[in-house]
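Pasting the structures in now, so scroll down.
Next come two complexes, and both contain chain A; in the first it sits with chain B, in the second with chain C.
And then the complex of A and B:
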């Protein structure tokens, strides 16, 4: 119940088994061949191509010279890239933890068998059906000091009310987090709710007999049982963090100044607008290295080590 | 040997038949990014004239300049190019020329005397190694200041002639509760405003050295620092809602009497026209600076290289249509720009266009735009520096200048 690790098929013990497994596996392998080719050629191939290009002085068109680590030196001396890197850490931490907490609380709320559950579920999940561009534009209007929330509250008579995060250099990245939370919490809720519904009702009865307070059951019994759901939600949210681009473009265009720039936007701008393939691919390579180095320990502990133990 | 001859004769025959067949219906696929209402109306002028001349216009509009260019370049590299493709006047198609992907049109240029009738910066931006590789179709002025005539009349002020004057009148307008400068607070518009200040206060040479030769000496001069500080003072003249605003929303502030001044290219005229306003009545246009220097850029069409006779003939016809004097005037009326040929009669155009035309009559007033002078990686790095300086009131002129020096070094 508490692990979802994918285990390799058990090691065959005799020759007959090997023959049989080859016979059954051959069609499967054949069916998977196109996918495997696509993965190898398109994904891995493009990845290697990108890394290679980051060591060139390519501008508009790819050029296969050798430029050493110059693009990387430029990259780390570039304010915009450094700010982008900081922003993605801030956004990632707040977005993932925020979505998990809000999603869990919403799921618990719905789990209480409230009236109109279907309505609430739809309302909470609805933002996820919006594209990031729509989300960004809507929040841009809502948070614009001259048009949205600030003006509304001031018009109601609170003249001194100020909420100008969107146009404030230091706070603008948090408005992106807010919009992201609005967008992503619903999905987390749906995943958590599925998990909650799957929990054995007898556990609740047992806890009641023992007189354990409800909140304690949630934190000490339910949450550990929900671990697979938390992992799934985290992985889904993390991919959203890495590819964060359209929300920023729609909401702030990286501004005010460079306050809300993110790495994906840095890569896109340099590849397609600034004719700077060298610098763009260098930034993309750094993103790849970061993602791999975050994932590697996790993959190791979940997939590699457990198998080693079982063998 | 005999077989070979027969085969080649056969191919020739097929080629002749197919080419003569196609000659009857010259089909031109045109890739461009003119998708807004005014822009598509203007490109329709070309399409209609080409149809009148007996061709078939296949419109391939892709929204967003960067998207359109990426799509077009990919198709050229892949060997399936459109018949004609739009670029901005400048360096965007440099590498296409050096890789022999576009056709040289110098023969047509000499027949049409393009070098005599077009402003020199536009000619220089289109000519590579002594040959025309693109057809310029219009001239856009980028550093216009649009102003609300009523606001200035009510405040008893004249539209400013220089940037120090502009800052002084701006403070007065601000005290009256009017937004002095309406700015679309996105990095490229902040950069556009900066360029207007550089050319207006620092002069044409400073502009050319900064964006063209890119030697650090120019930014270390006292005059440049003065210009940067003047630009810094203008931060106080925009409203707090500026960051992130679209340029057309900024123009709307002037149209609705909320803001006094707005710096933009002449494409902003389309917004005033759409609101039913007339140049010289509700709004005025002027170039701020000791002497009015107009930063000019525009659009060109390139013709992907081909050996197909039909395609070549179609391209020749397109070139004729694009530069026909009547087409030029009609196209540019809709586009907001002015004809690229200085020898056409512009008296039927609005006062801003006429002003633009008369300023450009003196070659000394023609300043080539950043797109012509700088490679995109330098202008991009400049944009990052400008937007940081503009949005961070605590940033000193010196640290801004240092960022420019770094940008010059990395783009070398």
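And then the complex of A and C:
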């Protein structure tokens, strides 16, 4: 890795100038030193350490033996982990696509010169300011079959109405999706709305003259124009998916049974409660590999391909 | 959904399409308001009323008892001092974390955008990538490092963790803002003989008010809402409000006091909500700027 040092001007006019430049740039290098240390020790060092630990037989305390891929074999034979992996795929797909669709629709409808626009925007976005713990607790209360939504509808006269997803092994993960959508859709709306506002108003006149139906303009012209916003929103939402932990802990604690376990929780449980550092770090490494392989194409198209100007 | 098709750009009359638009928006708004509404009404009801169901109904006999109980005597495990303990812990974590992470971000952003230091862009690139890596990858080694240095489970530890993991966003935020300032300004200050710190304090910092506001909003809500770092690094004495709330709600013995739970939840949501309502459009700017968009 490059160490932080001082770069001389590309065409030094005189030795004295170079020395002066080095001296004045020294404080800048010193100012960046703490961050460089953090990058080296935490972002690189801790990451490598975790990967190394995943190849050991560490349980309560870290060991530095060589255990081969045993932890990984165990991991993929572990029901809890397999369920976690499936759950995060279900949650990720539904949460990202749901937020994009709801966010886009809300932005489009808000853009129709409605009255009380500010009020609507405020209402759609406020959940994003709340923590996942608050979100989880609130939805857990609303969706609990005993006193929540199910009882409410039954009391209204629909006595056979059943909505027990929260305590239903097969459906519980979808309640996490619902809470997630409530929390994240407003953010997508805000990003999309900013994009819509940036579109040239003449587009609509042109479309009207050509007699193109409004919905066609949205799907064929506006949506492609919003591509950068869609990408930004997707990246933001995707990082949220990987971090999914607090919401599950607050809402279902991984239950009923292991129905709503997720990888982040699997790692936390094995590192800090189940004293199985080898297995926990192996799961963390799998998370790392997944994120990097998803991220790599995006970084490549965004930063590597357009050579020169680093945006 | 067909009726909701937008009919042109600036309709004057209340057409079917307009009604559809409002119907959609109002339905959506009700869905978004629902949990907040339920939290508020539940927190104001006595338990006898909650047991009857009617989760949406206004309280018949309104009482603030649950709020005082949640604040000062709700139990988190064995201790029954309410969520106020967590509130003050969160405040003690929040203030130094926000200040230090913003200072770090501002200095980094300034050094990165005005001073050419070799290797700085590589460092910045790794830092940005780090923002996407799941925290679980760093947590265990970090715990070991902090244990070895003897600061694990302390206020210093949790503040340090917030500063470390705030670095990517804060650095990016300030770097992008400073990249938009005219370079001539910086050059003029250099010609006048200003050094690294002089230019930062006298020229750059006075121009940074907007980005400082955005950074503060981002960090205050982010750090206040943190759960995983508080749980892992703060130690029993300093558990933040989010962790305490989870303990109150998910570890109660016997019948759950839903009204106290909801009052505690409202209290935990209060700070970010106030920030959100006061900051308005700035909040959106904050998220948009915090989004790693390069």
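As a working rule, the second predicted complex is superposed on the first by the 261 of 311 C-alpha atoms of A that agree within 3 Å, B and C clash if a C-alpha of one lies under 4 Å from a C-alpha of the other, contacts with A are read in each partner's own complex, and residues count from 1 in each chain.
Criterion: a residue touches a chain if its C-beta (ideal position, glycine included) is under 8 Å from a C-beta of that chain, and two chains touch if they have at least 3 such contacts.
From a predicted model like this one, the values you see are computed outputs, not experimental measurements.
Asker: Kindly say whether there is room for both chain B and chain C on chain A in the superposition, answering fit or clash.
Answerer: clash
Asker: Touching A:253 in the superposition: chain B (first), chain C (second), both, neither?
Answerer: In the superposed model, A:253 contacts both chain B and chain C.
Asker: Quick one: is A:60 in contact with chain B, with chain C, with both, or with neither? Answer first, second, both or neither.
Answerer: first
Asker: So in the superposed three-chain picture, is A:77 touching just chain B, just chain C, both, or none of them (first/second/both/neither)?
Answerer: first
Asker: For A:133 in the superposed arrangement: first (chain B), second (chain C), both or neither?
Answerer: A:133 contacts chain C only, not chain B.
Asker: Once the structures are superposed on A, label A:164 by its partner contacts, choosing first (chain B), second (chain C), both or neither.
Answerer: Once the two structures are laid over each other on A, A:164 reaches chain B alone.
Asker: Looking at the overlay, does A:276 come into contact with chain B only (first), chain C only (second), both, or neither?
Answerer: In the superposition, A:276 contacts chain B only.
Asker: Is A:195 touching the first partner chain B, the second partner chain C, both, or neither of them?
Answerer: In the superposition, A:195 touches no partner, neither chain B nor chain C.
Asker: Going by the contact rule set out at the top, does A:145 touch chain B (first), chain C (second), both, or neither?
Answerer: First partner only, chain B.
Asker: Counting residues of chain A touched by each partner, does chain B or chain C come out ahead?
Answerer: It is C that touches the greater number of chain A residues.
Asker: So, does A:112 touch the first partner chain B, the second partner chain C, both, or neither?
Answerer: Only chain C is touched by A:112; chain B is not.
Asker: Can you tell which stretch of chain C bumps into chain B once we superpose, 39-47, 129-137, 147-155 or 219-227?
Answerer: Among 39-47, 129-137, 147-155 or 219-227, the clash with chain B belongs to 147-155.
Asker: So which positions on chain A get touched by both chain B and chain C?
Answerer: Of chain A, residues 140, 147, 253, 272 contact chain B in one complex and chain C in the other.
Asker: Quick check: in the complex, which residue numbers of chain C touch chain A?
Answerer: For this pair, the touching residues of chain C are 4-10, 18, 21-22, 24-25, 28-29, 31-36, 38-39, 42, 50-51, 53-56, 104, 107-108, 110-112, 115-123, 125-127, 129-142, 144-145, 164, 167, 171, 195-197, 221, 224-228, 232, 242-243, 245-246, 249-250, 258, 261-262, 265, 268-269, 272-273, 275-277, 280, 283-284, 287-288, 291-294.
Asker: Quick check on the complex: what are the chain A residues that touch chain C?
Answerer: Those residues of chain A that touch chain C are 1-7, 24-25, 27-29, 31-32, 34-36, 38-39, 41-47, 49-50, 53, 62, 102, 105-106, 108-110, 112-114, 119-120, 122-135, 137-142, 147-149, 151-152, 155, 182, 186-187, 190-191, 194, 201, 204, 208, 214-215, 228, 232, 235-236, 239, 242-243, 245-246, 249-250, 253, 263-264, 267-268, 271-272, 277, 280-281, 283-285, 287-288, 291-292, 295, 299, 302-303, 310-311.
Asker: Note which residues of chain A are touching chain B in the complex, please.
Answerer: 59-61, 74, 77-80, 140, 144-147, 164, 166-167, 169, 251-259, 269-270, 272-276, 279
Asker: Under the touch definition given earlier, write down the residues of chain B that touch chain A in their complex.
Answerer: 66-67, 70, 73, 77, 92, 94-95, 99, 185-187, 239-244, 375-377, 379-380, 384, 387-388, 390-392, 403, 406, 410
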